[in-house]
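There are two complexes below, and they share subunit A, which is joined by subunit B in the first and by subunit C in the second.
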Partner chain A sequence: MTRWLALPGVPPLLALLALLGLWHLAATFFGYNFFPTPGAVFKTLPALFGEAEAAANIAASVKRMLAGFALALAVAVPLGLMMGRSPLVAKLVKPLVATIYPVPKAALMPIIMLWLGIGDAAKIFVIFIGASLPLLQHSFGGALAVDQKLIWSAQAMGLGPVKRLFAVVLPSALPEVMIGCRVGIIMALIVMVSSEMIARQSGVGNLLFNSADMALYDTVYAMIVVIAAIGFVADVAFEFVRRRLTFWAEIHQDPLVPSA
Partner chain B sequence: MIGRALKSLILHSASLILLLGAWEAVCRAGMVSPHLLPAPSAIFLRLLVQLADPAFLIHLGQTVLRIAVGLALATAIGVGVGLAASRNRLIGRLLEPLVRVLAPIPKIALYPALILMLGFDHASKIALIVADAVFPILLATYHGARMVEPKLIWSARAAGASERQCTFTIVLPAALPSIYTGLRIALLIACVVVFLAEMISSSDGLGHLLIRAARSFRTLDMFVPLLAVSLLGLALNGLATLAGRRLLRGFAL
Partner chain C sequence: MIAIEGLSKTFETSGGEPHLALDGISIDIPKGQFLSILGPSGCGKSTLLYIVGGFVPASAGRIRVDGRAIAGPGPDRGPVFQEFALFPWKTVRGNVLYGLLQQGVPRDQAERRVSELLQMVHLSRYADFYPKELSGGMKQRVAIARTLAYDPAILLMDEPFGALDAHTRTKLQNELLSIWERDRKTVLFVTHSVEEAVYLSDRVMVMTPSPGRQKAVFDIDLPRPRIRAELLLNRRYQEYLIAIERLVQDGGEDEA
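Our next item is the complex of A and B:
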């Protein structure tokens, strides 16, 4: 009877329902107008997506997030793999990464906007930095653990260093790289939201605070739901892709903990 | 010995030193306006000057206070819930899907709601720190506690220890190295999150100083709080490393 409880996806769904139930109870108990029930919030969702401006804002945010992440993927993964295979590269890059690590990435927004202007470029750049760190770290770890014999055989067969990186190192480091991707996409989302909350011109973060300023409390919570949904969908999607691409690797991963 | 340590430090941060040198040189040569990018030496000097200014120290103190309270709460909750989940199957099974749903949500998105409920003062910022910092601690505690050698627990139980005694005298100490790792991740997260929160709802703290400087285009003063919070994170991290070496002697860290 309890077998369906163990189906994949069922426990998180139940957890979600339980959370919504708790939220409903708390909201009706307190009855504050700035703490609406989930029902009231979900009612505003269709209107939010129907509104051209809001929908465009959400789409623009997601576009920036994906652009920053794609850029990080293109730069950080090859660099991380190179760090794992070349002690010199590792020695050069490590101190720089250690320096950037404790800096609040989204807080760079006001400074980068001085350089790149208030358009998309500054936001994409900040997202790129935020998503790069976990990608770099996991690609590095993955490449470091590649079996040396594989490299030697590839060398003996006459593969050049660049080909070796993509034909041997990348596939064997892929499980670890994919974990980096999963953390990286959530990092991209976090930096996207926080940078928009700081530099308030457009996007979901701006929409969130504008509606708070205008006392549109239902919209505030609706935006939070939208952002949470983006995070949840991105996480599930990457977990799905990871399982598909690296079904041969047995890695157990906890629910991730991205650092802001 | 100090000479050797210095030498290895220089060797290990060669690229950083090169980068800072190039940055300094570009600024000194007047190739960029100081309104866009001030020289690193100017930023450091400005930080030193600011550290002597009581007004700056008050802002710094507010930030540190929030980090300390937030981390303390997150540790208490994270370790408590993590231990309970690892010792009790039912709690563990209830908690796992909840964490799966909640962990990937960007907690910063909750901040407007937290402001609405808790106001602009300390409480909303501390709540945000707790929401962000609790997950690494909780997960580290849970995994650390699950990894405890079961024979230890069996022998303690055989020797007549109660379930409760087992949790606090066997499982908790054995999970300490893992908790410590989680705590260090949470530490840096707390520093970052409090800074962002202070930037968003600007009232006081280091993040507020950055926004204030940005509004009046004082570029040099924009870099100072950023440097200050990064150094704060590094200093707390260093402190944690020292404390860990002291307290967890005998554990393979």
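Our next item is the complex of A and C:
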């Protein structure tokens, strides 16, 4: 009788429905105008996407998030791998990371805006910083743990250090790098929203806070749903890529967030 | 020919105490010889092999291959490790192919060579498998094929069959012997099985417990090709086993 409960997708769906139900009950019970029911929020969603301005804001956000994340991939992963293989590089980079690590990335925005203006460059840069840290951390850890005998086998085949970094260290560390990516992409989302709250110009964060200022609460909640959806889609897409890239690995860590 | 002269190795331990692992190893290994290195756990057998491979620097002494001092690893010395060390993200074929492509062998030629090698180690059917899908014996066959692929003049084998069950071990010993009899590479073969050392080798070097020194070197004068069943009744084979076993036994405590 309860077998259908165990079907994949059923438990998360139930949890989602329960959440929406609770939300609906609470919103009806309190009746505050700044606490709309889920029905009202979801009704504004199609309108939001139909609106050229809202759609442009969402597109601008996603574009910056992806640009910042891509930049972080291109810089932090090779750097982290090098740190793992060269004690000298690790010694040089670690103090820098230790300095930046505890600083909320949004707190850097005023300075970055002075340098790069309030446009895309500043936001992409701060997203890059935010996403870089987990990528650096996990690439470093992954590279440290590479089996020395794999490196030696490659050396005997005549691979030089640069080639080894990409042909041996990177694939060896890939399962770990992928964990960094998963954290990094969500960091990119968080920093993206906070950067748009600070430098309001375009984007979902900008739309969210402008709507709040104008007491358009349905839109505020709708934007939160949109941001959550961006995060969810990014995570699922990422998990899809991860499975395809690291299927050969011996150990499969089951992620906390189950995705499709 | 490999010439090892006064080779010593001292490790800096994290406790700060220097640790002497190898002490004054000197031995010449003629081209094409199968030399086994025998000794208790921790006596520096792996370290010796890693130094010859160029993976680990020596603290003193020198190693020359065909008259030239070694400078780091190179495709003239191919390692085979007890832990197989296959690239887990590559298939069996991909693993064996990789070293060949690194040497600049054209792809179609390399593919052909890989097929031959996989046939030789009886793994043609597993060409598209990933390492995690293979048994230990199969993994070690792949590792041997991967090293043979780039045709090193010297094979450095560190307890290659140590992680395998007795049956697989015997089988791989025989396969290794028939491969060796075909192309007569110089082999440095680390083991702590006396029987394995005598069965395979032209010469056996016995080492003392840590710090590793040469205790004795035996020339194994037994006919080739060697057939295990026939050797068991061979008087000289038995004498080698007994003499070497005695020498290994009175070496004091095994560190493992």
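Going forward, the second predicted complex is superposed on the first by the 241 of 260 C-alpha atoms of A that agree within 3 Å, B and C clash if a C-alpha of one lies under 4 Å from a C-alpha of the other, contacts with A are read in each partner's own complex, and residues count from 1 in each chain.
In this section, a residue touches a chain if its C-beta (ideal position, glycine included) is under 8 Å from a C-beta of that chain, and two chains touch if they have at least 3 such contacts.
Because the structure is a prediction, the values reported are computed rather than measured.
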Putting subunit B and subunit C onto subunit A via the overlay, clash or fit? fit
Is A:110 contacted by the first partner subunit B, the second partner subunit C, both or neither? first
Considering only the touch criterion stated at the top, classify A:77 as touching first (subunit B), second (subunit C), both, or neither. neither
Quick check for you: in the superposed arrangement, does A:99 touch first (subunit B), second (subunit C), both or neither? first
Between subunit B and subunit C, whom does A:171 touch in the aligned arrangement: first, second, both, or neither? second
Once the shared chain is lined up, is A:235 touching subunit B (first), subunit C (second), both, or neither of them? first
Name the contact category of A:157: first (subunit B only), second (subunit C only), both, or neither. second
Using the superposition on chain A described above, determine whether A:126 touches subunit B (first), subunit C (second), both, or neither. neither
The chain contacting more residues of subunit A, comparing subunit B with subunit C, is B
Contact-wise, after the overlay, does A:227 reach subunit B, subunit C, both or neither (first, second, both, neither)? first
Superposed on chain A, how close does subunit B come to subunit C by Cα atoms? Whole Å, please. 16
Complex contacts: residues of subunit A adjacent to subunit B: 11-12, 14-16, 18-19, 32, 34-35, 91-96, 99, 101-108, 110-111, 114-115, 186, 189-190, 193-194, 197-198, 205, 208-209, 212, 217, 220-221, 223-224, 227-228, 231-232, 234-235, 254-260
What does subunit C use to touch subunit A in their complex? 50, 53-55, 72-75, 77-79, 81, 83, 85, 87-89, 98-99, 102-103, 130-132, 146-147, 150, 152
Per the touch rule above, subunit B residues touching subunit A in the complex are 12-16, 19, 35-37, 93, 96-113, 115-117, 132, 135-136, 139, 143, 185, 188-189, 191-193, 195-196, 199-200, 207, 210-211, 214, 219, 222-223, 226, 229-230, 233-234, 237
Residues of subunit A that touch subunit C when the two form their complex: 147, 149-150, 152-153, 155-159, 168, 171-172, 174, 248-250
